[in-house]
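So, here come the structures, one by one.
There are two complexes below, and they share chain A, which is joined by chain B in the first and by chain C in the second.
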Partner chain A sequence: MVARHAKPAFTVRRARFIALCLLPGAVFVALFTYYPMIRGAVIAFQRYNLFDLTSTPFVGLENFWSVLAEERFWTALRNTGTWVVVSLFFQFFLGFGLALLLRRQFRGRGLYQAWVFFPWAMSGFLIGLLWRWMFNGQFGVINDLLLKAGIIDERIGFLASPGWAMTSVIVANIWYGVTFFAIMIMAALQSVPPELYEAASVDGASRMRQFWHVTLPHIRPTLALIVLLRIIWILNFPDLIYSMTGGGPAGSTDIITTFLIQQVSGGDYGRAGAVGMLALGLLLAFSIFYLNVTRMERS
Partner chain B sequence: MRRLGKVVVLGAWLLITLFPLYWIVVTSLKPKAEIFSMPLKYWPDAITFEHYAELFSFADFGAYLLNSLIVSLVAAAVVTVIGVIGGHTLARFSFPGRGAVMLAFLVTQMIPLFIALGPLYLLMSDLDLLNRLAGLMLVYVAMLVPFSTIIMRGFCERIPAALEEAAQVDGATRLVAMLRVVIPVMLPGIAATFIFAFVQCWNELFLAITFIDSEDSKTIPVAMNSFITQYDIDWGSMAAATVVSVIPTLVLFAAIRRYIVEGLTAGAVKG
Partner chain C sequence: MTSSRLAAPSALLAAATLVLAACGSGSGSSSGEVRLRMIESLTSPDRTKLIKSLIADFEKANPGVTVELVSPPLESADQKINQIMQTKKDLDVLEVRDHTAKSMSNNGWLAELPTTSWSGWSDLTDLAQKKAVEVGGKPYLLPYGFYQRTLFYRTDWGMTQPPTTWQELYEAGKKMTTGDRFGYSFRGGKGGADYAVMMISAYNGESVNPEKAYYLKDKRTIFSTPEATQAMDLYLKIFKEASPPDSVSWAYPEMVQGFTSGVTGMLIQDPEVIKTVQESAVKAWSTSPIPKGPTGYALQPVGYAGWGVTSFSKHQKEAIKLVQFLSEAKQSIAFAKGNSLIPISKQAQDDPQFSQGAWKAYLEAQRDPKQVITIRPVDYPGWSQFGIDSDRDVQALITGKKTIAEVLKSWDAFWADQAKQVS
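Here is the complex of A and B:
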């Protein structure tokens, strides 16, 4: 916030200038983001199939009931929970560990960060392909390495068996996300004023105690925010699953967003709208819940 | 001892991070027979570039590359310009509705655009923008405008307003003052935003596969997606395609690594 008092007063000429500057962005967002979302909300209450657009009557909650009655939706919902919680858990703790190791300056740190950062330049789609190939049941390198290490006796069809597929996509997701957490947590760690540590070491606090009583309380609000952002991001991240398993086998790696995309490509926009609304509701409910919990904890 | 432990752990993580990249590069350089043979070779007996050659001769990958390049360049440029102007306005003026504009932008950052994939398809069809690169550009601009505006606002707020006022006292109009004073100071941030937007467009999948299916408007992700929906994946070509498509983004991201944390948190931490 630089010099708020310097902001000029509001006049008609200025208002025109302001409106003109904000107009292009506003038009794009209104037309290609808000309008489709609102239309999607309306379509959710219509019978709307791309292959039969002769009649698109309003049908009340029919789409919602039909989605909620489908076993696959509930599977996707459960999978979403597993996908988010397990991925997040490992991403967070591995990322935290990495951040602590990278926290102090050492020779080559910048270079190291540059190298471990590379997954971020890749799309989720490509990451999914990479791991799909490595998890290949026949020629996959992961099978080969596990065999060589003596951990398994015969090749596993990781992506072909419902039992293994979810584990596999989560492993790929963890790999993708650890660096993100590490970098974000490192930024948070560096925001702790050094005076606090000095005061603590004068008082004779051990490093462990310093961490618990100085570092952690100081970065907790930032951590909460990073985690929230990350959860929303993982929830909204069908790309990796899409290219790795396509939600299969037999829906065992479907999450809400891959389920949604299948509905859209199936052409039933009414149902897709309903799934979209349900996903959105979930997202909002979760965000509000999470923000309230972290706020309560703080006070 | 402590130090040794640290080096080992960091080394192990580096290995885990880089191995998949190594593996895809190696796969792309192996002859077909070697990709699908046992035991697995961790380095090819004879390096071949046949998969790369195939990509460009059979699959017309050059055309897809060009499409991706055009769409990403144009969209990123437009997004950056809109972001600079809008972000500057949001940072420098207080006016009724400013909070509402910010909120409207922030909300879009939380909700993925593909939640409205169906209606977007209908809209594109109504506007006759299906199967056209221009259509893809427009949607990408809309997708990235909130991000670029919010992050530019952040950059602007760090520049003292006095700088611009001084220029205006010298007789320059507001717009000229902005161009002459603000832009040069913000240039690194502007470049980073442009690159970030470029990479986002380059990598985007779901909108592209929904709106594009004609051969001459395919972007790289669309083309690669049609490789995987075939029954049998030709992993040699797939690996080569992955390598080719990831090189530009690797180079660009390395250039703006410093800014990426800011980009990833844009609008969420500040606001």
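Here is the complex of A and C:
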């Protein structure tokens, strides 16, 4: 009786306490994430040009139509597909390989791990600037090495030719992102209980079979989540491209987010808002689809 | 129990602090002390140091006034400034650039600066006075200096005389181009379209309206003429036959690097490059005014930026005083020297730094009536958008994705449409 009476009082107070603890975080997120997001969504329906902010009337879907009518938007959309799929493919498999290698014990592993993970700690913009000079057709170290190794006879304008530019930015992105996969997959690998391997090897399973039937099923949910996260991040990652090519030459490396930045630099916040909303819609639809597919696979 | 009783108020306090922090700290003035907030846009470490030393002089001359300088990184500075301006809070003095001035004055963010009551006004050059009132007809800013392009060229690569026309530049550049060496630091990347426009203007020559430099005196656009096509033909030839193929993606740093590392023999750039070239390994070089078109004219805008005061400043009197202080002869000449700018003060003409060596080309250009200074239509609504679109078109042109006719047609259509929107 006493216990039952004391419990609700305790929970109310507890709930209030929890709410109070959450408040700073909630206020922070509301102020710095939700407010700008909602404001951005509203701007997408306004004529909102920096050139004249004294009149910002609502114009319905005008911004959306003008974006969708642009060839450049569709080019950017196609490029986004290439950018995400190719980057992700190599990041994933190289990262996976790296994680498997790093799982083994060897001398200086800790140091080596720290060394490998270093790129992830650098700013994407900075990495872009580094690669921009490395890929430079005249003074770049990559051309120099290829020439000296006798692989090419003539310098290649990596960032200057529409064909090479996308490859170049993707190479930079792969270099940057392998690390992330390696970290995450290594953490997942460490969560596989060693008893399972012991049991498998007692049953006479080869290393390959152990990998397919023990390791992979165990880390699959984590992998599904990491891949989803990465897709969203790569798609929303203009830093590298922006500092390496600015979307050029002639839009051949434009992705949705660099296209968005161009709208902002052009002063047309309304159109930029519309591009942002379209990108958000795309990601949302994709995430729902992806989560459903992976859930179906599991069951 | 005690812990939760204590925790509740402290959580509240934390929340309150956050909210307060988010609202920003006021440039609060307590006990008669005035605190000004100033933001710069074209940030670089040396420049910030120089501004700080000028501010220190100002503070010494005006006891009771302190100035806090905000120095956002160059790449995002203008956007940051725009955001602050939209909140209309906590900013007194700011750096206004030629292409941000119009939108800022349109939106009512800038205060009009007094000129008649200020003795320094008469010391400004005609150009400085003109540019101060160029936007909106009122002095919304005082320029601190000008950027104007000049030709840098190697004197040890077989060229005895600098090219005076674009045709000569092409021919000289072609001769220099051998294997690893190229004639010209072409700009295909960000800002590349500027150079195309420079050539088109030179080819249109006298018929261009210098006050609205994308239009002819007869109101057509400069992109609509056969001369524009001729200019672009040569432009493309200069790229293909006298420039590094990699220059498709070259912007400011690569062009300068190309010249200073001995890859290219000619470069057209702003005066701040003088210092960079002086410090480089290239020793045999000189400068001359930018090349002209077939009719003997060269046209180029003069870039500028200056200091302005916000319309919502709570300490306008002191803010104006600071801007005027920075624009006085002594301070403005020091600033122009430190940043390799064409100075705003009449007194600078007697200064040896601005009349000797590489600077002579500027004096030469100033004395030549056929080296015309123009005003670009930065006050048209499509200006910023055109900057982005046209750079892209230039890259499409030189990589063969678009033809000269297509590019010129779209530029002509764009500016014809802009003219309709403005009138």
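Of note:
Everything below uses one rule, namely that the second predicted complex is superposed on the first by the 278 of 299 C-alpha atoms of A that agree within 3 Å, B and C clash if a C-alpha of one lies under 4 Å from a C-alpha of the other, contacts with A are read in each partner's own complex, and residues count from 1 in each chain.
Note that in this section a contact is a pair of C-beta atoms (placed from the backbone, for glycine too) under 8 Å apart; a residue touches a chain by one contact, two chains touch by 3 or more.
What you are looking at is a predicted structure, and each value in this text was computed from that prediction instead of being measured.
In the overlay built on the shared chain, the residue A:160 is in contact with chain C alone; chain B does not reach it. Within the superposed three-chain model, A:179 lies in touch with chain B and out of touch with chain C [touch as defined at top]. In the superposed model, A:137 makes contact with chain C only, not with chain B.
Once the two complexes are overlaid on the shared chain, A:12 sits clear of chain B and of chain C alike. Judged by the touch definition given at the top, the superposed model places A:31 against both chain B and chain C.
More residues of chain A are touched by B (comparison of chain B with chain C).
Of the two partner chains, chain B is the only one that A:120 touches; chain C does not reach it.
When the two structures are aligned on the shared chain, A:21 is found in touch with chain B and with chain C. Using the contact criterion defined above for the overlaid structures, shared-chain residue A:232 touches chain B, although it does not reach chain C.
By the touch criterion stated above, A:272 is placed in contact with chain B alone, chain C being left untouched. Chain A uses residues 14, 17, 21, 24, 28, 31-32, 136, 138-139, 264-265 to touch chain B in one structure and chain C in the other.
The touching residues of chain A, counted against chain C in their complex, run 13-14, 16-17, 20-21, 23-24, 27-28, 31-32, 49-54, 72, 136-139, 155, 157, 159-162, 165, 245-251, 262, 264-268.
Those residues of chain C that touch chain A in the complex are listed here as 4, 7-8, 11-12, 14-15, 18-19, 22, 79, 82, 86, 102-103, 106-108, 188-190, 244-249, 251, 254, 257-258, 261, 263, 381, 383-385, 387-388, 391-393, 395-396, 399, 401-402. By the touch criterion given at the top, residues 6, 9-10, 13-14, 16-18, 20-21, 23-24, 27, 35-36, 38-40, 82-83, 85-86, 88-90, 92-96, 101, 104-105, 108, 110-123, 138-139, 141-143, 145-146, 149, 157-162, 165, 174, 199, 203-206, 210, 221, 224-225, 228, 235, 238-239, 242, 245-246, 249-250, 252-254, 257, 260-261, 264-265, 268-269 of chain B touch chain A in their complex.
Contact residues on chain A toward chain B in their complex (touch as defined above): 1-4, 6-8, 10, 14-15, 17-18, 21-22, 24-26, 28-29, 31-37, 39-40, 43, 97-98, 101-102, 112-126, 129-131, 133-134, 136, 138-139, 141, 144, 175, 178-180, 183-184, 187, 222, 225-226, 229, 232, 236, 238-239, 242-243, 257, 260-261, 264-265, 269, 272-273, 276, 279-280, 283, 287.
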